[in-house]
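One structure below.
For reference, chains read A, B and C in written order, and residue numbers begin at 1 within each chain.
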């Protein structure tokens, strides 16, 4: 179709939309943070104990979510990639169905499951394991469970892709050479699928950093992550400059992770 | 088939648990939505349609559902109208700065939604676009654009260009080739891209929280309800939403490019 | 280079094309006569496909002109060139039926419905596919797909037919049938045709004339027998058919002294002292002959109708020889003597 010499014009309408309604508002908003001509708002975001704790919270949760997603996601991706086509399809459906179910629906369900009078606590109490409800909601645990659930598919899919790319003859050869299953896994599968693991971890970590809905609902105001803090600053405190500074910090962290990730993966995936 | 070793059985057992974890929320929502109890109770004491009736009888719920549907539809159309030409440019263009355009097209999924939501909220407040349906369509189109670009560029990369050359050699103009050959052959990708754009808007919460104002979309109405009270009406709405999204996924599977292809 | 008989229907003059540092076409000129089938033969990367694309209009040359029937078409888009083309992978439209595929060029030319019906039926009958109208391309075999592609390329009476390695995907038997069929159809319709291939056997079977290409230039353009019997240079001699190629100097009129020291009696009017190439086709050796070679068999292969022998002869000469398959296949190490007459040696 479009001649190979230019072909730029069809991109123009979309670029205008992105410039006017994406780039411009974001840059404009970030500009608020230095409106006063000082970096005071950044000093506040990165210096005051209360906000430093939020940043640390965010980082810690993101890290733990990534870890748990990896622990749960690798076996799943691995199984889906090495099983029969029928079971692989079934596996896909059960990973994609939750992925495409509204985050709200899933978060709501976790509230039902984890609440004081929720399913878990009732079952535990009826079984006589505990007499008082265990706090599972509106705390660190609740946010962690909810976020791992929401982000797990983003870990499974790249790992599945990486395992699929491995020539099945390689592990078979290792087995033929007398390696145990355990050694085959660590010496063959793990190194060959590291790229997928890495991609999944980066994706989950970055998505966790900026996550809003699950911490807002399951955290119940007690577990504050940076996205929740930004929202509060804009809607409740009406403190735009501070919200902008926090956004800049979040954006910088996001880009830093992506840039580092690309640095690391480029040599291996050089095409 | 190789015999199942102990380690394999262990793997299958572990994965079964993970699947259970993944499906658990969906499994809980269904029975609650059919509960006869007057408040949240699990397992439900009996069967009743009351929460569905309450959803259907509440004009606020119905309004927000319609609003989400047409905003999703408009978003899909706009995202296709802008994203398809953009994808053509990215795959087939050879112009200066193509890499930059490529990055720009995917930026909305890299930048955290909360930042975009707050930023566009600030701008739209100035432009008096808060609470308008077209304001939301614009916001959602920005977010849907990367999906469209990803799916269509993948489709275009696999496209056999000798078919277009054949058409031109047989006397078709560029426009005729596009209309009779390229777009019909790209239809599975177009269907997938459009439906993905629709779902991404229909499910979107964060931007809607800021831009919707008093004119709620379904996700915003749900968010507010969850914030205020845990009412099983939400469960019935959830089931309806799950069913709707499933229908869309089945449509993609049937008429679109394979989900596995567009998953990445 | 004038075309044999008739007027030049297609005239390519000084066409050049570079891709970055790579010269794909280096001032290529050739002409094809009305109704002639010219094969462009060359290895991959020789520029033959680029040349075809320039003619079809999919590639813009850096210089030179392409004329069809005397008019310069260099500036025309492909759609207005009236050239039928069969692609390597057939490029059938997968979403259209056989009928819609063949009707496509007529539809683009706004041919009336009944006329379209008639011509599509005619074209499909010509390729023996009447009754397959409603099928989709993927419901056809490879050979049938190729016939559809052919019908689609000729249904609008193009000025020129281009065939881009159309038989590559077919198995040997089907390929031979299709080659003959294409040749028959091309003769019957009197279509001026350019055929691209890297398969020298196919080129010899099909063509009126062959243009051998290498590295973006035409090495030789001549009739099939001339290409085979009297190649212009090493490349052509080596690329077309099996060959024994040696280099040497004319030591006297009618005598070549090879670089290894051996002197051969040849028919050639090249001046004494001229550096020349010598070609001996393996099948031209006999037991007798003016030039005798005695050698030891290094390798022998039984090919059904013939034996193929590799001989190490005195003076370090290594010869490839084909002999009619009579008696036992000479084993490695056996002594064999062969000879060749001066008339059978080509000097270039």
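Structural remarks
Here, a residue touches a chain if its C-beta (ideal position, glycine included) is under 8 Å from a C-beta of that chain, and two chains touch if they have at least 3 such contacts.
Computed from a predicted structure; not experimentally measured.
The chains that touch both chain B and chain C are none; no such chain exists.
In this view the innermost chain, defined by its CA centroid being closest to the centroid of all protein CA atoms, is B. The chain with its CA mean position farthest from that of chain A is C. Two chains share more touching C-beta pairs than any other pair, namely A-B. Inter-chain spacing, taken between the CA centroids of chain B and chain C, is 55 Å. Averaged C-alpha coordinates give centres for chain A and chain C that are 60 Å from one another. With centres set at the average Cα position, the gap from chain A to chain B is 18 Å. For chain A, residues touching at least two other chains: there are none.
By the touch rule above, chain C contacts chain B in their complex via residues 56-58, 77-85, 87-89, 91, 93-95, 104-105, 108-109, 152-153, 156. Those residues of chain A that touch chain B in the shared complex are 1-2, 4-11, 13-15, 17-18, 21-26, 28-30, 32, 72-73, 75-76, 78-79, 91-92, 94-98, 100-113, 115, 117-119, 122, 149, 152-153, 157-158, 161, 181-182, 206, 209-213, 217, 227, 230-231, 234-235, 240, 243, 247, 250-251, 254-255, 258. Against chain C, in their complex, chain B makes its touches with residues 160, 162-163, 165-173, 176, 180-181, 184-185.
Chain contact summary for the complex, chain B toward chain A: residues 5, 7, 11-12, 14-15, 18-19, 21-26, 28-29, 32, 40, 42, 81-83, 85-86, 88-90, 92-95, 101, 104-105, 107-108, 110-116, 118-123, 138-139, 141-142, 145, 164, 174, 177-178, 182, 199, 203, 205-206, 209-210, 219, 222-223, 226-227, 230, 234-235, 238, 241-242, 245-246, 248-249, 259-260, 263-264.
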